[in-house]
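Written below as structure tokens is the structure these notes are about.
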Amino acid sequence: MQLFSNILIDGIVYGMVLFIISVGLSVTMGLMRFINLAHGAFAMAGGYVAAWLVREEGYPFLAALVLAVLAAVVLAALLETFVFRFLYKRTELEQVLFTIGFTFAAIALANLLAGPYIQLIPLPEWLDGSMSLGDRTLPTQRVFVILMGLVVVLLLWLIIAKTRFGIWLRASVDNAPMSSSLGINIRLVQCATFAFGAGLAALGGALGAELMPLEPYYPLKYLVLMLVVVSVGGLGSVSGTLIAALVLGVIDTAGRYLASDFGTFFFYVAMILLLAWRPEGILRRH
Amino acid sequence: MTVLQVEHLNKAFGGLTVTDDVTFALSAGERMAIIGPNGAGKTTLVNQIGGVLRSDSGRIHLNGVNVTEWPSHRRVGHGLIRTFQISRLAPDIPALDQVALAIHQRDGSIGHMWRNKNAYTAVIEEAEHILADLQLSRVARHSPAEMAYGDQRLVEIALALALKPKVLLLDEPMAGVPRSEAQLVLDALDKLPADLAVVIIEHDMDLVFRFAQRILVLANGAVLADGTPDEIRRNEVVRQVYLGSEAQV
Amino acid sequence: DTVKVGIIGPFSGPFAHYGKLFKDGAESYLKQQGGKFAGHDIEIIYRDSGGPNPSGVKTAAQELIVSDRVDYLGGIVFTPNAMAVAPLVQESKTPTVIFNAATSSITPKSDYLVRTSYTLWQVTVPIARWAHEQGIKKVVTAVSDYAPGVDGETAFKEEFTRLGGEVVESIRMPLNTNDFSPFAQRIKASGAEAVYVFLPGGPPSLGFVNAYNENGLREAGIEFLGTAEMDEFDLQKFGDAALGLKTAFHYSAAHDSDANREFKKAMKAQAADALENYASVGAYDGMHIIHKMVEATDGKKDGDKAIEAIKGYEWESPRGPAKIDPETRHITQNVYLREVERDGDILVNTEIENFGMQPDHGLKK
Amino acid sequence: MPIASYSLGAGANRARFAWLGYVLALVVMFALYWFLPGSLLMLTHIAIMAILVMSLDLVTGYAGLPTLGHAAMFGMGAYSAGLFAKHFSPDPLLGLLVGAGSGALIAFISGLFLVRYQGLAFLMLTIAVTLILQSLANSFQGITGGDNGLTGYDISPLLGQFNFDMFGVTGYWYSMIAMLVCYAVLRRIMRSPFGLCCVGIRENRERMAANGTRIYPHLVRLYVIAGFFAGVAGALSAQVTQVVSLDSLGFELSAEALVMLVLGGLGTLNGAIIGTTLYSVIHHYAATANPFHWLFVIGGLLMLVVFLPKGILNRFMNRIGRNVLSLIGRGT
Amino acid sequence: MSMLLEVKALEAGYGPLTVLHEVSFSVAPGERVCLLGRNGVGKSTTLKSVMNLTQYRAGSVYWQGHDITRLSTVERARRGIGYVPQTRDVFPSLTVEENLIAGLRNRPRSEVQKAYELFPRLYERRNNGGQALSGGEQQMLSVARTLLGEPQLLLLDEPLEGLAPIICEELMHAFDKLSREQHVAIVLVEQKVQEALKFAQRALVLDHGAVVHESGTAELINNPTILDRYIAVAE
């Protein structure tokens, strides 16, 4: 019983971290149908900025978090306007090629600017401790991540399903020329969405840094993990991404409790089964 | 001789009944049209007969064989060919190659791995012939992405013909084809073997009345009327739900 | 006449920090010697290996030997990479100094391989003995699931059970684990008094130590028995979480000796952010070995003579006294028990016990 | 990028001069051999990668199934060839066949499952397959050597004559000839009706299904062929370097192959070879010139290639294609 | 009278291909013009060019006397040009209602009722996904969606295609009303030549990407040579 509750607790906590670093990718890849393998680079940028602000400039944690997200949003908006938007019409594989190249450059840049070291984000006191859950403890930081995850879910759901912006966004993705012909400013919609996705990436990079430490190779190291979550969740499906992250988090954790010798075997078998069952995403019937 | 027999076919999407107990039979060589209001379930019926959609209940016989459970490729193999209301061509493969592919499929050489495809001169000649008949020679080496929509519609028909059907289901083949060219399609259909049964879905009543020996009218998924063009033209209900004042044509 | 030394290491990719450590270690030694060994100019040619990538590394080594005509090879972080160059080294008689790769089975692969790092057996056997001496009866091993980890696990189990202790559980943790809480919980539940760990540096070590603290293993009094985890490259990142953790290792930047102080001085002169740890000291000593070989051959390319010259060679390394074992060509050296302590602003590995000169127990079996 | 030009009729004439192209290719190989004796291993590596990338091209370029798990077949080929040499026979040609066979076998087994899927699902499943194989190879250390790699096997002289020497001369000719043969065979296969069928499936599955073509068996067949050639590449690599390690089953290798393929252009075998060469050569010289920051160069290259005006790259590629490879026959 | 739209010597096409050669025409406010011609002569291309969905080589486009040659598609739509493409281009991942909302731009959602009034069928299917509509339903949706943008000029590319005759009548009726009551100008491309000629006041005939004939519709009906040569009306 103790084991079971441990698996569940650790699994959900881990799953929430997975969610928060992946959901931005689901937005760009799913809603914009842009294969953005540079997602990790934006996450890294956000994390680095947060680390730098807290550590070197002495900003309070929350302020640094907000500023890091804003920095990523601005950076992404600029890059989208001058670079990325020209890729929307390209084939998926060209997008892959470009964003991988971009990621390489980002890695090299991080290495050049900050060295090959891990960047830590010192936690404020109110996040540093542990919370007691009966006979085991849980780091406060992860409780915070869970809360932030829930906020993100709610926010995204409102925007995508309920607002007109959501409709414009999906329309632009379905058929950009037609959307323009109806007077939808697809440039604005695309730029805003891309920047928003990058902002989410930055948030994930900064919040997830406890489990996925920031270092130059970050953008490639966790790419497959993010892709797994996003694909099992279904592209563009926020609730799907959440459920996929939680399910995979619990399964991975169970594997570590029960059969760690098999390494990532169970994680990938689980992913295969889930994808084979619902290739379009965990919430989508075919 | 009956080539296609459809019995008590049903289909619903969620709560919406789209095919409602449809029964009809088609004889060899018959030329039939299916008409009916938009959303009556014509395309759905074609999808069911072609095997793209599973029916909720009912039976389909092809040349006396029960094919209800067959996957669509098997039905195609037995001569049941359909076209699509909205073009489904490979956008970047030249028309000639697409027709050649259909012929390769028909004669079983599609899986050949060792001979150069250009060495199949008979196939290529046949493909060129089919395209020429539809006056498509000028775009034979173009890919659909760079063709006018009307030409794409004709290529679609060329593909169906290349498969040498026994039963041919054409879902609005003339949509997007100008009148002048529509005649080409009709001519091409005229040249088909006499024992080929053709079903055409079409909203252009001129073409329907020019082509069909028999008309099936669908409304709300059910058969509203089934008869000769003259009978249909005179049918008051059909006139009300579908034809409108055009019935004077 | 210049003597050319080819250094193969990961200068890009996820392990790029090793490359920098190699470079700083090697060049600081060279600078210290005024750029010359025994009067011969030395030219270092670097080649990027990326991660474990034997075929790429073999290509790189072949080009260094055939087209760059290097006299010596050095570097190499990963065991499979070392395995891949062994036949080439053998055939071309190129003396090659392994700065890092730590599997026992490497040096027997060619007569021209020398190693200035350590092996997992070498540092694990002493700590197993020490645990036994402390009266610890039950230990759980938790190692990263790859070759050095498995080596460490085997070494610990063999020695500890030989002495009559019990290894109650052996956990192998996948290399790409991000969340170590489950392992910490399992260790806690196993009822062991201590945990022997092996983790590669960087994220895994940080993650494991965090989990060790957050899940209350420290409070439960479960002793941490490590090897390379507290390496200076990551040490400051741990913060107070690392205080009191014990590791058995061959080098601590806090080692109190003149040789080490000189090493540190050379490193500071080399680069402001140069860092002394096992990899940079491996490179530094590796260059010292090459220096010896250049001296013995007077700058000529003579692999056999060079290797003969360093068999049994003894010197004072920054880590303490060191000797090249004439049979295995592996370094025999002191292994120390260290504990993490705070020294002013920074954390250091204070040597609290010297286990004395240790051979590679993996090969001496 | 405009894919496969299937202009009919034009090929017939050119086919007659195909042998000329192969002769030219041999001449180029001799020239490289004479003028770049220090780079033989790199060239060998390029030849092996080119085979892998051509094989990848079948799946991703021709059939339009993007995969990041192609290393599964490469690694299988490599491990089988290595184990075969270690435990059964050191003969290289036999080993090559064994490697190819096991590449095909694993492709068949996994392909039966994989090719039911498309797009992102397919991509992710291929990653999963290769990572599972990798984690199995890691678990069975006793057989595979785990991450110390599989070593300690010898390869007997090729045809009983040519020893695999340190300078890589035998390895060079062995791999180059293998690449040429693979190219010729693949080119032939992909210009057949079957090849056209695969392209049809890529372009519009519904269309092919409406023709009555069954997608699944064709894709399985294609996947097995690709597996066979990826296995050849793996076996060559195992024999030439005489070590097999876990990275031969890795995601990075798959990704690198994909990058090379996209660089050269999908759906043409020439593109696969050109992309491999371009990437490898630039990578090599960038990494040699600056082992610390070459990633900038590669990253920049990848970005630049996408943004180069289509015309320039195509013209450049076509020129290379025509001059060097195209006499063999244009873009299959 | 000032013109609503003026196209002057426009050359346009796709990629390297030039389809339109010096096409010039103009449309007055509230005017009804039809564009006729055989398959592939460039009718659709002409409409797309007015929307700036093709590449221009030369020439210019004026809207209410202002040069809009360089204005983007969005800007043109916002100034009052509405376009119903031949391929309908319903957004497949949006529901019927969302498709309509997309056409509203910033006006209140309640205005979608206008579309439902025009096509009650759409109301019945309002929660259907765009991809799950019958061909005719898609056509209705496409037309209704564009009308919700309240354009001053409506470009219709074969709007009757695939519609039941009775719906065709209703739709032509609606267009008629729109142009009479709201003074919306309409450019109609239609294969059903009779319908088109009945509806429009003026006809343009295209061949090989150039305007080869322009006249009042009544005049064209009486010109069998032109009809025969460029439009090939079978009857």
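Going in written order, the chains are labelled A, B, C, D and E, and every chain counts its residues from 1.
Definition applied: a residue touches a chain if its C-beta (ideal position, glycine included) is under 8 Å from a C-beta of that chain, and two chains touch if they have at least 3 such contacts.
By chain, with names taken from UniProt: A, D = Branched-chain amino acid ABC transporter permease; B = Branched-chain amino acid ABC transporter ATP-binding protein; E = ABC transporter ATP-binding protein.
The shown structure was predicted, so the numbers you read here are calculated from the model rather than taken from an experiment.
Common partners of subunit A and subunit D, by the touch rule above, are C.
Common neighbours of subunit A and subunit C (chains touching each): D. In this structure, the chain pairs C-D and A-E differ in their number of contacting C-beta pairs, and the larger number is found at C-D.
Ranking every chain by how far its Cα centroid lies from the centroid of subunit A, the top place goes to B.
Ranking all chains by how far their C-alpha centres lie from the centre of subunit E, first place goes to C.
For the pair subunit C and subunit E, the distance between mean C-alpha positions equals 75 Å.
Centre-to-centre separation between subunit B and subunit D, using Cα means, comes to 43 Å. Once the centre of each chain is set as its mean CA position, subunit B and subunit C turn out to be 74 Å apart. The distance from the centre of subunit B to the centre of subunit E, each centre being the mean of the chain's C-alpha atoms, comes to 29 Å. Across the assembly, subunit E contributes no residue in contact with two or more other chains. Contacts with at least two other chains are made by residues 12, 16, 20, 145, 174 of subunit C.
Chain pairs that touch one another are A-C, A-D, A-E, B-D, B-E, C-D. Taken in their complex, subunit A has these residues touching subunit D: 86-87, 90-94, 96-98, 100-109, 111-112, 224, 227-228, 231-232, 235, 261-265, 268-269, 271-272, 275-276, 279-280.
By the touch criterion stated above, subunit B contacts subunit E in their complex at residues 13, 35-40, 42-43, 85-86, 146-151, 172, 175-183, 203-205, 241-246.
Interface residues of subunit B facing subunit D in the complex, by the touch rule stated above, are 50, 72-77, 82-84, 88-94, 96-98, 100-102, 104-106, 109-120, 124, 141, 159, 163.
In the complex of the two chains, the subunit E residues touching subunit B come out as 14, 17, 38-40, 44, 86-87, 121, 125, 132-137, 139-140, 158, 161-169, 191-193, 231-234. Those residues of subunit D that touch subunit B in the shared complex are 2-3, 6-9, 11-12, 15, 188-189, 191-197, 199-200, 203-204, 206-214, 218, 221.
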